[in-house]
Every structure is written in C-alpha cells, then in structure tokens.
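Once you scroll down, you'll see the structures, which are given as structure tokens.
Below are two complexes that have chain A in common, paired first with chain B and then with chain C.
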Partner chain A sequence: MKTEILKIAAAHLKPFLLILSLVVLYRGHNEPGGGFIAGLLAGMAYVIYAGAFGVGKAKQLRLAKPMFFMGLGIGIALFSGMIGLMNGAESIFTGVWTTLTFGTYSLKLGTPLLFDLGVYLTVAGMLVKIIFTVMEEDV
Partner chain B sequence: MLGIVPASLFFVFLSKIPAVGWADDFKEVYPWIQDLGIGFSFNLDGLSLFFALLVTGVGALIMIYAGYYMRSYQKTNRFFGYLVFFMAAMLGLVTASDWITLFMFWEFTSISSFMLIGFKHEKTAAREAALQALLITGVGGLALLAGLIMMSLPYDTFSFEAVINDPQPFLQSRLFVPATLLILTGAFTKSAIFPFHFWLPGAMQAPSPVSAFLHSATMVKAGIYLMARLHPVMESQELWIYTLSVFGVVTMFVGAWFALAQQDLKKILAYTTVSALGTMVLLIGTSTAYSVTAALVFLLVHAFYKATLFMMAGNIEKITGTRDMNQLGQLNRYMPVATVISLLALLSMSGIPPMIGFIGKELMYEAKLNAPAAGNFILLTGFLANAFTVFVSLRFAFGVFWNKKQDFKKQPHEPDLSLLAGPAVLVFISLLLGIFPNQIAGLLGPAFQAILPGETLIKLKLWHGFNEILLLSFLTVLLGIVMFVFRKAIIRIVSYLNSNYFNLKLSQRFFAGIDVFLNFTKKKTAVVQHGYHRFYLMTIFIAAALLLILTMPAIDFQFDFDLKFDGLSFFVMLAAIMIIAGSIAVVVAQSRLVALIAAGFVGIGLTIVFILYSGVDLAITMVMVETLTVVLGAMVVYHLPKYLNYSGVGSRIRDGIVAVFFGFVMGFLALQTSKPTTITKISDYFVENSYPKAFGENIVNVILVDFRALDTLGEIVVLALAALGIVSLLKLNARKKSSR
Partner chain C sequence: MLFLPVLIPLISIVLLIGFRHSLKYQQGLSIVSVFAQLFAAVSILLKLSGNGHLVAQAGGWPAPFGIGFVADYTSGLLLLAVSLVAIGSVIYSIGFVDFDRQKNGLFLLYQGLLAGVNGALLTGDIFNLYVWFEVMVISSFVLITLGSEKLQLRASVKYLVMNLIGSMLFVAAIGLLYSQMGTLNMADLAYKVRLQPAPPLVNSAIMLFFIAFGIKAAVFPFFFWLPASYPTPPIAVTAFFGATLTKVGVYVMLRFYSMFAQLDVAFWQPVIFVVAGLTMVFGVLMAASSYDIRKILSFHIVSQIGYMLMGIGLFSVVGLAGAILFIVHNMFSKTATFMAGGLIYLYKGSYDLKKLGWIYKTKPLLAFLFLIPALSLAGIPPTPGFFGKFLLLYAGFDGAHWSITIVALVVSILTLFSMVKIWNEAMWKPEKITADLVAKKVHPAAWMGTFIVVLLTLFLGLTIGYTYDYFAEAARQLLDPMSYIKAVLPETP
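Our next item is the complex of A and B:
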C-alpha cells in the first residue's frame, strides 16, 4: 500500500485536513459542522498518514498522543459545563457567551464551543487510537 | 504537619461549644435536588458538635502519630489522602442535616475504610478483609438508603427537622416497621453489631493508625450516631427499644467473650470494641436519663482509651516486630513510658478510678439498675462482660509488659516521642476528666438534649459514696482478677468452647455465600452473554422491532399509506437504486470484501438521500463513518479466513426473516412519521429556541452541545471507554500470540 503518490498526498493532506477540521469545528454552531465531524476529519488526517507511511512513522508525529487527547477532551467538556455553574447558573452546562473583538473582526466564543472542542479532541483521539492499534495488529 | 488541619478544626469546633444549643445558628443549606426535596444541608447541634470534636480531636493526634508510624511504608501520600478523605466524610456525616446528605457521607466513609483496610494490598488477607468490610457496610448502606427514603415519604423533604419535629406521620405510616428495620440494618452493619460484627476483627489488617481512628474511635460510631439522632423520633416505640436492647446485649456479651482467648493484640482490642459498641446500643435503647448520659460518657471514654491502646499496639508491633501475646513480655524494662501510658489506658478500659472509664462504668451500672425492662438479665450480662474486659485488660498488661516469654524479632526500645505523643495526650485527658468530670458537661449537655429532649444530663461524679453500684464495680474487678489467676484454665476452656461449639465462622460463611452468588452470576452471564455477535445483533433487532410494534397503538398507528412514486427527482431514484442494488449485493456476495464494499455502497446511497433532504450534517458524518467502516472492515477482513459457507440454509432463512421483519417495522415507522400527527414533538421546542436561547443556527449542533450536553458528555466518555476496551483487547491478544 506504500506508494509514493499516497505518501506525498498524505503528507500534504495532513495539515490541510487539520486546519479544515478546526474550521468545521468552529462553524458548527451555525452551519453544518461540529465537534464530532471535525474530530473524525482530524482523525482521518492521521489515519491516512499511517496508511501511507506505516503506523510506526505515524506514531512519531508530534501530535500523535491519542490517549492524552481523549483525556483532555473529556476534561475540557466537563470543565465547560462547570463554567456556567461558577457564574451562578442553577445547573451544569448552562451556556455562557462572550464576544472577542479584534479590530474589525469579532469572534463569538461560548462554553458550547469549548464543549465541542472537548468532543472534537475525544473523537479524534479515539479514532486514531483504535485505528493505530488495529493497524499495528496487521503488521 | 497534616495534623494542623484537624487540630485547627478542633479548636474551631471547641469555640462553638458555648453557642451550640440555640438551633439555626450554624445552619448551612445549599439547594441540591429541589424537585425531590433533597438539600445539601448541614447543621451543628450538640450531638453533631460532640462527634465533630471527637473526629477532629482524635484525628489530629492520629495524624501526628501516623506521620511517624507510616514512615517505613510505601505510597504514604496515598495513605494520607485516604485518611483526610475519611476525616472529611466523617465530618460531613455528623454535621449533615438532610438524610440524603448523611447517606452520601456515610457511603464515603465506607469507601475510605475499604481503601484503608486494603492499604497493604499485596496481602491477600488485607484484600479479603477490605472487600468483606465494604460489602457488609455497603449492603447496610443500601438498606439504610431504602429505610431513610421510606421514612421521609410522608414528608415532602428529606431534612432532619421534618421527622424529628413531627414524627407522627412516620410513626403511623404503614412503612414504619420496614423502614425502622432497614435503618437499623444500616446502623448495625456500620457499628459492627452482632451478627454483622465479624468484619471489624478482619479490618485489623489495616495499619494501626487506621484501626485507632476508623475502627475504634470514629467510623464504627457512625451507627451509634445515627441511632442517637433518631432516638427522639423512636423513643416511645417498642420495636425500637427491644431491637436495640436485644442486639446491644448480645453484641456486648459476644464481643467480650471472643476477646477472652485472642492472642493477637489488635484482635483483642477489636473484640472489646465490638463489645463496647454493643454496650452503647444497649444504653441508647434503654432510653433513660442515666443510660443516655452513660452512653455519651462511655462513647467518649471508649474513644480515648481504645485509640490509645491501638496506637500502643501499633508501637509494640513496630518495635518488636510482633503483636502476638505468646511472643511478647517484659517490655516494661525497655519502654517504661509506653508502659505507664498503656497501663493508664487499660485502667480506663477496666473502669478503675481515677480514670474517666470508672465514671463511664458507674453510670452504666446505674443505668442498668434502673433499666425498665428485663433489668436483671441485662445487669447480669453487663456484669459478666465488664468482668471479661477487666480480665482482658489484665492479660494485656501482664502478657505484654511483664510476662517472661520473649520472642522479639527486633531488640525493643522506647518508641519515638511522636509515636507516644498522641496516646499520652489522650490518656492525660482521660485522667484529668476522671478527676474533674464536670468539665465536659458543657459539651455533653447539648448532645444529651439532642437525644433525649426534655430530660437533663446526670451530674458526673467520680465518687458516689458507698452504694450498691460501687459494690458492683468492686465485684467486677474482683471477678476479673479471679479469672486472671486461673487464666490458663480459662483460656483453654474458652478456646475449646470457641472451636467446638461457638465456631460461628461467620466470616468464612460470608465468603462462601459470595462464592455461591458469583457462580450463579457466572452461569447467568454465560447464558445471556454467549459471545456470538450475530445473535446479539439478532436479539437487538427483534427486541427493538417488538418494542416498536408495542408502542404503535399509542401513537394512533394506521396502515393506510398513499405511496406515490411520481414526481421523484432523478437523484432520489439513483440513490434508491444504489441502496437496493447494494443491499442485494451484500446478501449474495461470495466474499467478505465484496460484501463490505456493497455495504459501503448502501451507505453512500443513504448519504445522497440525506443531502437531497438537507441533512447536511448527517450526510458529512455518514460519509466519514461509512468510509471508516469500510477501511476498518477491510483491515479486519484481511485477517479472516476465506469466505466459508458457514451458514446453512436454515439459519439463512432465519436471518432473512429477522431482517425482513425488522426492515418492515422500520419502514412502516418511517412512513408514519411523515404523516401529520397530534403528538407534540420535542423538536419543535429545539427549533424555536435554538437561536434565541443558545445563539446557534445549526439545530443539530445546538442540541448536541447545549440542550443535551450532558448526554453528549456521556457519549464521548463511552467512546473513550470503547477505545480503551478495543485497545486492551487487541494488545492482550498480541501478548498471547507472542508468548505462544
């Protein structure tokens, strides 16, 4: 399966897919997208890479720490639920929103987005972990 | 250093003594589950303060002691974590003023006790003892929860006040008897009351600071606390009085009896603790001013001397390497200070003046003399139990500090100052309070009021004059000494009787019961969890289809469909053809890979449908999931043997029937949902509120991350767990292969 074409494509697709996944994650609140899809996309970036270069190489990538990201994701999701509580809401997962403004650009941020980030990280981590393990089994 | 926290808390609580008694001053309420009337609320009244002082005061001394005692152990930070967790749980338990809050902290203490007993988890005995204690107190905890809920049913709230201020609705409810028995089961398991007492001697596997703190001074008193707390509600009930009296008497006697012939210092102390706990239950059940005063004084006395003795037993074990009576002796030569401290504590345990233990015992006799029901029998058993305790104390003192037998594993020496500080302080207080007993009246008074409102605390005195009680005390000590003179014969007789007639083996029977249960569940699991994936799927499909059919009448299901095929666009037709062709291909495929790809085809067809009907989110997800499924499937298929015709005609027909059946049910359901119905859909709420309340236009996403965020959190946790499960399964398999 290790063809040159796939290798070059995978190496270039990886950053592209990662950035795309972040875009999908952010726009999820108002347009199609969201943490789950974005997480799958990000995971795919690594799966394709592993398919082209082998799991051993893929595992050496800087961000290839799926277990860490799974834990971090659940932690972030849980934490995002607590923010509302700290702000005096009655139950957890009450949304809190702020708008950051940089000159003419404004960025709407809220705890649901943070929560979605948690979903994103967990899903990506899970996907990478499972596929890497199954692929290792192959060798 | 950790001792500072409980010590400072102790002084905080101490400063509250003068103020306690005027209720509501120390009330903290945090709303929790308001719909069910559950509040996260605390209140500090006399009884709570009494226990809180006990927990923090003894806790501080134990912390100092443990700081040095645990030095030779591994993972001590974990140990102290558990210990502080326990202390917090215990404080929560005694200050809670809501039954559910109390229950929660009650369970926390069980869990921390489990971890502390099993702290030396390399030892099988420690693990078994920990599990046994957890299971018994856990079952008791569940019974307690059920009982508390039953008790609170006539009220709208779970707060203490409701039932304590107005017990009539509960007393007259039909659930009074079961609720009371369940609550008592909880209290009895926690306080090691016969027949649940056997976990406590087993718990001696824990390091000594734990035995001193949890299993003598505080945690086992939680049951006593609960009974004292409920006493004002129940005091007029015969069920309550008789249950407490009977179980109290039996436990008092059984504990003292089994303490007689033990050889292990900590086991001796554990059985006398069981006896003491029985005594306290009995005293509360007797329900007179004398008995409740006696219960409170004895509780305090017992905490002091028993914690001291446990700490000394720990010291002795640490220094000589053993805590077996047969190997110890003449320690007074090596550790004079420790000897004096232990002897004073033993004096207190035997109830000999001038220790406060004497006052405790005098009050006990006074209470038993005045006991309304079956007074003589209770007096006799109490007398015997006390004489046994005197005997045990003498044996402890003589066997450890004078006896000639010596079989030390190490050369003994005086324990470090920090190992002696805690015991010394406790003994000193015992002595001081024995001479000036009314110093604690200010503390006991409000606690007494909480148990027996309307009566007053009996004045505490060291010297009552020559009367029948003093005579009883004297006779007790005399009998103890006489027994000690004939100790060899007595120990032989008791051991003989224990092993031949009273060999209850409750602990072994308990484990045998657990084994039976485990075997049963194994068999049951083998039937339900047979391990054939295809049958799991079949079960799920059939069950889902049947449930759907069952609910159809409820949604006014009608079998009149008006199917129209004209007006469908080209793309829909294409998708439909793809799906149908794919499905047929899956069924007739001759190799796994082909079947897999055909299944992918069906998925892509569905995706097109989603896109056409503007479910873009679903479509994107679907594409990825389908792709991944095919990729993963291909990897798995690669390893499997060639397509074998493993399913016969019969099973194929069976599978076909199930598949078609499920397909039809789902199809009808899908057609039904497209018709206008009278049911209000929850999706309308989401559509209306998505933007105004959650500032999102993508409804699917808003539901996922905002309205139903808790569900999603659960889902991603499941995902992570599934990943871990898959990984560990595969890794395990790989290891097996490599080892082969």
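Our next item is the complex of A and C:
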C-alpha cells in the first residue's frame, strides 16, 4: 500500500504520535494510560511510517534502533528500582518522589514514572523490532 | 539481597544488549553473570542456616499487600543447583552452539530463562509466580526457535500451544482463587485456608493449578509436548531446558502441595500417586523404544518427573528429602548425559544409535563421561541417583504405599535397560559406516562444560552424607507450612 496520501499522512503523523505517546505516558500515573500503551503508540509511529515508505527507509530514521531502546528500557526500569536503595530504603523498588515547579505549573515525578519510561522504551523497541522483522520477510 | 538472583540476570541482559556486536564480550559476560548467580545462591543458603526463612518485600510494602520474595531451604538448594548447572551450560554452549546462534542472542535468552527460573523459585506471590513462568516460557520459546530450522519451527508450535494452554489454566485458577479468597500472597492464602474450611471453588482452583503445573512439568497425560519439542534445538539448549523448565514446575507443585493440597491428603495422595506412576511408566517405555539419543533422554526427563511426584505424594521427611534430592540430581545427571550426547554428535555427526558405534574404542574418556551420569539416572551407587531412589523407596515402604513403590522399582530396571542400550549401541557396537564427517576439532569449552556437570554429579553422590542434612531440613520446612506463614506474616498467632 504505497499511496501518496498514506505517505504524507505517515510523515506528519509520526511526530504527533510520538508526542501523544509521551502525554499518555505521563497521564498514566493517575489516569488511564501508562508505559505499555504509550510504548505501543510510539512504536506505531514507526510502523505506519514503514508501511508507507517501506522498511528500508524506516530503518534509516534517526530513532529506529529497537535493540538499543529495548536495552535502555530494561536498564532504566532496573535503575528506577535501585534509586530507593541509594536513598537508604531497605528494599528495591521503594518509591522516591519529587515535585518540579515551574512558576505556577508543577510536575510530579517519581520512580514509578521512571519505571514506566523503561516499560515505554522496551515496548516501543520490541514492537518496532517484531514488525520490522516480519515486514522484511514479506518482501 | 534476596532479589539478587533475579537482578543479576536482568542486569546481564541490559549489558548483553549493549555488547551485542562482540561475541567475545558476550561469552565473558555470561560466564561472569552465572558465577555471580552462584555467589548469590551460596550467600542466600548460608544466611538461611539459623534463620529458617528469608523474606524480602519489594518496595517495602508489608506482607499480604506487596510482592514478597521468600527463601527456604528448598528454594535455596534449587537456586544453587540451577546456578551450578547454568555455569556448565553456558561454558558448554560456547563450545557447542554455532556462532550464528550465539550471535543472535543465545546468551541473552539464557539470562532471560535464568531470571524466570530464579524468580519462580523465590517468589511468595501467586500472580508474580505466573509472571516468572511467562518470562521462562517466552525465553525458552525463542530458544527453541533460534536458528529457524524447519524441525525447530514445527516443534515450537507444539511447545508454544501446550504452554499457552497451561498458562491460560494458570490464570483462570488465579482469577478463581482471588475471587474466593481476596488475596494471592501464598502465606496469607495458606493461613486463610487453614482458619476455616475453604469455599468449594478454591478446590477447583487448586485442581486447575495442578493441571497447569502438570503441563509445565510434563507429567502424564500432558507430557507429549516435551519429547516433541526438546530434541529439536541444539543439544546444549536441550540440556539447559532439561535442568530448568520442568524442574521448576515440580518445585511449584511441591510448594503448593505443602501449602494447600496437604489439607486434603485423602483426595490428593491417590491422585498424585496415579499420575506419578503413569508418568514413570509411560516415559520409560517410550524411551526404551526410541533410537535417537536425544529422544531417549527427553523421554527420560518425563519418566524421572514421576519419581519427584512420588516424593511429593509420600509427603514424609524422607520422601520429600528424596524428592528434592531427586530434582537436584536430575538437574546434574540429565544435563550431563545430554552434554555427553552432544559431544558424541560433535565427533560422529549423528544422534542415531543405529549409526553410532565404537565410541569406547576411539574416545574412552567420552564414554566414561557418559557412563557416570547414565548410571546415576539408572540409580547405581555411589551416584546421587541411587541415593535419591533409595530415599524414595525407603519412604514408600515405610509408609506402606506398596503399589507406587513397586512401580518405581520396575521403572528403575527399565531405566537401566535403556541406558545400557545407549551404552551398547553407541559405545561397544562396531561402527557400521566409517563416517568421516567426523572428528573435526571440538572446542575445548564443550569438554569443559561436560566435565563440570559430570563432576557435580559425582560430587553430589559422594558427599551425600553431609548434604543430606540440608535436604532433610528442606523437607521439614515443607512439612511445617506454619513456619513459612509466620516468617512472611509475623503477626499471625
């Protein structure tokens, strides 16, 4: 399916989907959303791009390094579990919280969000890796 | 501390992904990682003496709410055995498996499998247990398909379908249990079940668990996926599977029997004995009728699972000690026989007994390396297999469970028969075709891995006088689930 409409749409959808995925990732802390679904969204950005332009082109994109992001994701998730230990907690995966304030706007951050970021990267990387592999064999 | 056996493989995965372009680093890192796991297992075992149980809660959430890891002697001993076998397996794989597979993530998947196994051995929460099982299934599934040969892919479908059905029943049972009891913490559940008669649906859930674990452990009548899938990947992978996957299934059965099924012995004991007896008999008969080394050994995995189940059913100190010793002995002996079989393949280019011959004449050391674990599987002293069987039979006669004990005795003879068959056909028989696809240089790591595991087998057999105390202590802990409950939930009266 290599139509011009899909090509134009895919090129423009990619940044939107990536931004949306980050929003869903942050929102996931108190509302529906979270790392897994956000990871799927981010992965979809690349899958749609690959569908429109072909896997070869999609693989040349700057962020299309699925194995790297899978490793990074697991690493971040594990690291988020260690932060509590460094702060003197007894057990791994003890939550640590901070709030960043920009004027009137404040951002609540904590190790669960960091863990979710790890999930996000792992899921996105895995999705891209699987779909790219399958699409390559198709051709 | 208790989380180390899971964290080490996970961290190794991250590092292995980082070093995915350099095989040398991957090999080195895997070896370092399995030795680190050995260290973690030993330190857990050392800390256990005097404490009884070790408990750690993730995130510091108190017991019935958070997810906790619990170690007792059973899980400690199995952790140690798994890490020892992992050392042998990783070294053996470096020598045995082709470079393509090694580069495509063999070591990464080994670490994933180890993370799943260690997690399943340690966790104190049933849903968490399910997650570790899935980690194991996914890693092992990719390991079976790695290389994408036609036979492998066909086998992997059987493996995956059967394991997914098992997982489905597992989740169904978890849902049922949670709806009835409102908790999934093993200690909390075991305590609540003891406080008052459990609602009838809990028994259905435990039956579902039994079937799910039965599929994972490959007991009769759910064993057929194992001989269909195990012989297809490189034998180094099969050897590692044989030491880990089914054994964790048996361990979980052991744990659940001690926690829940124990309350209804009148129902469960006959069920377990019947399943155990049929598993033994069918496994060994299939093995006796096969002519491929890998198939024979795979069927023997099934047959030996029956002995472990028998120990669970006996549920006395000697019986349980025998069951745990049997699990550990099987991890060593079975892996060692697989590895020796792999060496035969490297030298002769075949697993088919009809084509093999004269190993004893050309490679006496290799024949010897095969002989020790094979005798152990058959149960000849002074190998650990003899002591494991002796304990089980002793407990069987002691408890007057005549029929299962006699079945176990007869199956031992058949086991000896099929081991002797391999010996006669592969080692003593004159070679029919002088195949010279053979005797390339074999990587020394393959020999070394085999040596390590064979030595472990011998060591376990020769030191049984000292190690038996540990197995007996593990059995005593399993017989007294209240000690487990009190360790996890200190407030219980």
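The criterion applied here is as follows: the second predicted complex is superposed on the first by the 139 of 139 C-alpha atoms of A that agree within 3 Å, B and C clash if a C-alpha of one lies under 4 Å from a C-alpha of the other, contacts with A are read in each partner's own complex, and residues count from 1 in each chain.
We adopt the following convention: contacts are C-beta pairs under 8 Å (C-beta built on N, C-alpha and C of every residue); 3 or more make two chains touch, one makes a residue touch a chain.
This structure is a prediction, so every number in the text was calculated from the model and none was measured.
> I'd like to know which partner A:Asp116 touches here: chain B for first, chain C for second, both or neither.
So A:Asp116 only meets chain B here.
> Return first, second, both or neither, reflecting whether A:Leu61 touches chain B, chain C, both chains, or no partner chain.
neither
> Is A:Met44 touching the first partner chain B, the second partner chain C, both, or neither of them?
Only chain B is touched by A:Met44; chain C is not.
> Which partner reaches more residues of chain A, chain B or chain C?
Of the two chains, more chain A residues are contacted by B.
> Thinking of the overlay built on chain A, is A:Ile74 touched by chain B (first), by chain C (second), by both, or by neither?
Both partners, chain B and chain C.
> Quick one: classify A:Leu22 as touching chain B (first), chain C (second), both or neither.
In the superposition, A:Leu22 touches no partner, neither chain B nor chain C.
> After the superposition on A, what does A:Ala9 contact: first (chain B), second (chain C), both or neither?
neither
> Would you sort A:Ile131 into first (chain B), second (chain C), both or neither based on which partner it touches?
After superposition on chain A, A:Ile131 lies in contact with chain B alone.
> Which residues form the common part of the chain A surface touched by chain B and by chain C?
70-71, 74, 78, 92-93, 95
> Residue numbers of chain C touching chain A in their complex, please.
3, 7, 10-11, 13-14, 17-18, 20, 56-60
> Mind pulling up the chain A residues that touch chain B in the complex?
Where chain A meets chain B, its residues are 28-37, 40-41, 44, 47, 66, 70-71, 73-74, 77-78, 81, 92-93, 95, 97, 108, 110, 112-113, 115-116, 118-119, 122-123, 125-127, 129-131, 133-138.
> Can you check the complex and tell me which residues of chain B touch chain A?
616-617, 620-621, 624-625, 627-628, 631-632, 635-636, 638-639, 694-698, 700-702, 704-706, 709-710, 712-713, 716-717, 719-720, 722-723, 726-727, 730-731, 733-734
> How about chain A: which of its residues touch chain C in the complex?
Spelled out, the residues of chain A in touch with chain C are 67-68, 70-71, 74-75, 78, 84, 89-95.
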